[in-house]
């Protein structure tokens, strides 16, 4: 295969990666995007077997080893990815990212050994870069994996003088890196790799459980850059493009993720050192809830077949009746089956919800009484509870003696997903805590109901 | 020039032809305004209010030296006779029901304007008292329906069960009907409506109510009014409407054809088919009734427990705002032919019978009844 | 390739990377990260190239390890991403 | 076991304690339902409807063999006396105003439940007849206000001028007050409201109305009710409310404190300061009146042209739905202590005085009046 | 200056152009974007004076000529751009585009002359491409300029056998192009230039006036590509990047413009040949109206200080009361002064608009009566007329004898901009035409009022 | 520069060009077109380079013409775009 053709196919794979990322940024095209990416990657892998240039000829050297290694990789990777449970996917991604970083570091090392003295300074610099970042990514990812898999504590691990140790490690990594560039040699390179691995561990240990996904995303971007650097050393446009793409999009993505979780990137990475340890402990005491963004809510709604809206006093306080109707209309126009589940004592006056919803001209036939709607929650994909609380509180059925015990409730707990729109974790009229807020099926969208709904509507329109 | 507002003498008439806050529009033109003492008593305007607004309040005979007389109801033939020659009257003055007053006006040499005859052109909308009073009547019809009904209008889901919304049917969706629809809908009722004019389907829907489509030909007359229907079509219409009527909790009828008896939309049999507790509000009771058995000014309860409210002077039942709107209509018409005082020029009336509105609304002039319209 | 060309390619690819994901909704953050992660599995290509170049056992050993790791990254990455995206399997439209 | 619904004997009472469509809930439990002939006549339920629903309609004395008597108003002492020992009655039965009936029940060995005393806990909401009837009263208050007012409630911009919206003031924003707010707002009025309970500000605003903040301490009592206020505070409150009252076109008062005279919110002087045509709807007229000079069941017109509508049996004025809701409250309470027929087990009543609701609501049992509550 | 530094500065200019285009795509950043572009262009121009390489030295040859030519360009370009009236800007852009295309063609010709036999085939191909496309862009743009400036008819110019002549010209252009590549030589190149100029003229003549902007955009993209091709020949990364950017973005933009105007690109370019001539003539008879998109409306609203909403019967028919309120709320939240101007007979019932707007809970104090609002139209930036017609028809004041003559109207014609939301050009209740629809200040947004408003709200939110 | 590098740069620049303008609102179509038009005025750089290379009068004449035209394109283009954009001169925020 001519070098030009090879390069062109490589470029085509690069284009496939661009299209893959583009596709992955939209729910409608995400799956197709991923397939395009897989196609690009397969293409690139395939043609490398037919690639010849001045100093190599077909078939490749060590072809057996190569094919065997690929087979092993397949045997490990595919079943792992196939069998993993939904909830464990993040740690698997972390692991995959780590091995990718490791691979990049190994490639750099081998090429370094191979080039020996022929290496230009630039090539050595890129090699050093790849080794450092690849190793950090590798060991860092392993730690995040262990945290997520709960093989170790999910709390930030703080040790005395932690920041000094980390700083010292970083300085020595850079020092050894400089040494390698100046004097070349295998030993310094291996020392460099070792120190970088250590740094990766130290770097991730202090990060708290909730922030781990952000760190994975950052390490992912890092790995991308190592791939780009390897591309330079191996003179492969494809690797440069693919690596840069991942590096750039990964960086943006990391920032977006941090924003979506309401954290600063800096705080995530170095928070454990700046914050006082007892804070972290105190935060650990609170029971975890799952809070989402308007986008998350919109996506849940967009892919639902049946949605039940449960309004309560908070809807009236927020005067969000017009907005909720807009949301319902939008869902209906998307072919989603929408009903309002009206609890007889929702609000603060008999018929309070009716007054509100009539004002927004919600057709009467969309309103369902409690007895009518309760049996349908089993077939409901999403129950969206807007400023209601007591009327969906399972304590009414499960906690004899509590003030609302015996009151019939809207059984939203039977729906596949529950979304709560409220401003805080405060209880409702009866003043008792609602266990449903802590249910794993529940997603909380904090904020004034009207503001939240407006955002959900925009997000849903954008899908 | 003296503009006079006498007390209304008709029983049940609670409006007044001028309310205090429009009087300055007339005085600014240079007119003197004289109000008979007590004229505003039912519409919340005291003599003191009128005086404060710049009018003179007088008791006793106020008509003999009037240049213009403004009233709601037609002046009686007796009153007409006391007017000086060349005087002008503005009031409701139906050629059909007030023929004697018109004759009296003609023989007294009075120029009498009838608000019923103001043409329905865009320019005359501000003088259109039929519309403004129909607006009051329509609102009133829905409020009365709600007041009389043993049921809630809105839907309410409560701990003691769900109250279903009232089904309100409006027959005749002119000005009054549309306002009745709006008001009933505001209260939360489920409203449907029927009218014979083809344009009314869109108008009804634009109020958020359902329009009842019957397979009957439309009846559009001149000026946006309806035409009279034949007895055959009337029977067919009644038959087709029966199922809608049977499931209604409140029926409001407003159908009218100008210068004719009100069309009979519901027979006794239809009324009898309704459930006890049903309310019928017949705004056309005074002109013959859309509903068989309705009596103006009375609530008739049938053996079947259906109550029929017969409208009588309905706008008078909202006297404050009915007078408010009526006054402005009258003032706008009067202003149309008044040349205001300016410098040493005195205020004057300038009856230009070329003007479509003046030509249309004047029933008598210079001692004669004007051509049939 | 000339350094200038490489810098230009790098700069342009950075822009493409930024632009392409800048408006992604937060529910797609994880799949997108996972997909990007799979993409950098193309280091497999690099690993194969160095395996081809390998002359010593050390080199071969390292590059075979690199191939294994890269394959896991790439193939596993795409598969797991696909599974994550199953929820978008358009139940309508 | 026989459940009996007698005709209501109190004048003006138009409700009935069971409507036809809940009867199957009782017969399904295994109870026999007997309705006195004509019991439903005012609430649009004919004897035939009852029969069709599975009840037995009887004339003459129905009480003597009753196991349970359901009524709206308390049975008279005479009626109580005719009951067999151990019978159960469920009705409104205020320890304050119906003391003689309670005594009669005690001496007849009847277990009498008072719906006023059902505790206001979440579980009892479906039996809370005070709430369901207050709902009817609040709606009615706003409709009556609109009906009586000489003004439009909504704003309307018309060719004859702009009708400004009515200013409605609601004093006391409990169940009835909130519903009055909702209804007046639906009609387009501009509504403001005041209440002494601190939670009510949010509740009022959640209805889209303006809450009037007065610089006075809040008065929250037990169970979400208000406390009585001192005369000093009452005077202060009246003074602070005066400007709001003066600019209102309709004032609706619903203030109540359980077991007490209704608080006096408006004095004669305040009423006199209002413009002619103003309407005051006093829902508390029967318990002493929030407004000085109001008379239950009458419309009092003051010299200043203000009309005060005094409420009397207000829910009875919406008899169909008031009965509908009341029936469900009664049935829910009865079901609470009824063990349904099952297999060869016969239906039985099981009065568990450990239950907060039964304990709270039963006023007499086994020949004695139960502890003061 | 070293070659690397020179190249890096060139790359910086390229980045500036990317940022410029990015900025220009958003109203808020558009001005800044343009400035960044200007900065990039100046930078690139400046450093070329300091650029040295193997075969050239500083100062540049012909420096005086170069500076003089730039001065002349400035003297012509700046005043033209400064003085032109708003309405004439499109033709000026066309002209600028044309001269840019001409410049690219000339550069290619000179470089060709200069290289002589040293030119590689690739270079010659790119030169030929540049000459053809540059000349087409030049002559085509001149024609569009003349059409827009009304120096010639704006109608499609159709001539007998037009399509054959055009096809023949195209074939000869390609033929001569091939000849140049094969045999080289100045004469064929000049013939090629001449034929390309002719083709450019023939290509644009049949395009109708309304489609001209689309053609300008297309020629603009073409010119971009010639610049990229010149970049290849001159070995300038900057020109390659800048030219490609313009080519790509110009292509997308052309498509977007065609879509926004509801035309297909193909139809625009070749429509005159496929449509029957009499159609074109008939279309010419209709009076032109200015119709806009929801985006246009949103931008007008976003930059207004005072907006008056004029509702009419159409609002009621569309039941768009809730949506109009949403729009008003959104504008208010952006600090825009919003009022509803209510005509006393708008709708079909006295108080019709009040009933509607009260249902949507529009605060009463936002409603202004006619007498109150009319004096304020002079200070109103945008009057947005939603499903109203007669109540704003100036015929009521200007046309004695028409059915609404003498009726007072809402004087929206005094507002700076008028937007009409209606479904068609049909008149209102009174059945008379509304001159205001043809007013140059008026923009029409066709469609059901509710649907249109919903789109405007989304567009306004996105700004 | 290597052809491969040029192709890569070209392809990436196409993506950047597409992405960057793909969501522009229609009111900005004309200013955007005008701005893009000004950008291709950097052909001025090319014109200066060929003027530098020019040896014959013909070449010089043509390249001087090219410089004039390119300058008009570039400078005029940016100025006219700026004028178009005056309406967005943020009267608030």
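As written, the chain order gives the labels A, B, C, D, E and F, with residue 1 at the start of each chain.
Note that in this section contacts are C-beta pairs under 8 Å (C-beta built on N, C-alpha and C of every residue); 3 or more make two chains touch, one makes a residue touch a chain.
No experiment lies behind these values; they were computed from the predicted model shown.
Novice: Give the chains in contact with both chain B and chain C, ordered by label.
Specialist: Touching chain B as well as chain C, we find A, E.
Novice: Using C-alpha centres only, name the chain that sits farthest from chain F.
Specialist: D
Novice: Please decide if copies chain B and chain D contact each other with the same set of residue positions, more than half shared, or with different positions, and reply same or different.
Specialist: Looking at both copies, the contact residues mostly coincide.
Novice: Is the C-beta contact count larger for A-B or for E-F?
Specialist: Spelling it out, more C-beta pairs touch across E-F than across the other pair.
Novice: Measuring between mean CA coordinates, which chain is farthest from chain E?
Specialist: D
Novice: Please work out the Cα centroid separation of chain C and chain F, and write it as a whole number of Å.
Specialist: 35
Novice: Taking the mean of the C-alpha atoms as each chain's centre, how many Å separate chain B from chain F?
Specialist: So the centre of chain B lies 72 Å away from the centre of chain F.
Novice: Can you compute the centre-to-centre distance for chain B and chain D, using the mean CA position of each chain? Integer Å is fine.
Specialist: Chain centres of chain B and chain D, defined by C-alpha means, are spaced 39 Å apart.
Novice: Could you tell me which residues belong to chain F and also touch two or more other chains?
Specialist: Answer for chain F, listing residues that touch two or more other chains: 1, 3-6, 8-9, 12-13, 15-16, 20.
Novice: Multi-chain contacts only, two chains or more: what residues does chain B have there?
Specialist: Touching at least two other chains: 125-126, 131-132, 135, 154, 156, 158-161, 163, 186, 188, 208.
Novice: Which chain A residues reach two or more other chains?
Specialist: Within chain A, the residues that touch at least two other chains are 18, 237, 241, 319, 344-345, 350-351, 355, 358-359, 361.
Novice: Every pair of chains that touch: which are they?
Specialist: A-B, A-C, A-D, A-E, A-F, B-D, B-E, C-E, C-F, D-E, E-F
Novice: Under the definition above, what is the set of chain E residues touching chain F in their complex?
Specialist: Touch residues, chain E against chain F: 13, 17-18, 20-22, 24-28, 30-31, 33-35, 37-38, 40-41, 44-45, 48-49, 56, 60-62, 65-66, 68-70, 72-74, 76-78, 80-82, 84, 89-90, 92-93, 96-97, 99-100, 102-104, 106-107, 109-111, 113-114, 122, 213, 216-217, 220, 223-224, 226-228, 230-232, 234-253, 256-257, 260, 292-293, 295-296, 298-300, 303, 305, 334-335, 459, 462-463.
Novice: Can you list the chain E residues touching chain A in their complex?
Specialist: These residues of chain E touch chain A: 319, 322, 325-326, 359-361, 458, 461.
Novice: Quick one: in the complex, what on chain D touches chain B?
Specialist: Counting only chain D, the residues touching chain B are 43-44, 46, 125-126, 128-129, 131-132, 135-136, 139, 143-144, 146-147, 149-152, 154, 156, 158-161, 163, 183, 186-188, 275-277, 305, 318-321, 324-326, 328-329, 332.
Novice: What part of chain E is in contact with chain B in the complex they form?
Specialist: Residue positions touching the partner: 313, 316-317, 319, 344-345, 347-352, 355, 358-359, 390, 396, 403-407, 430.
Novice: Can you list the chain D residues touching chain A in their complex?
Specialist: 121-123, 125-126, 131-132, 135, 175, 178-179, 182, 186, 199, 202-203, 205-208
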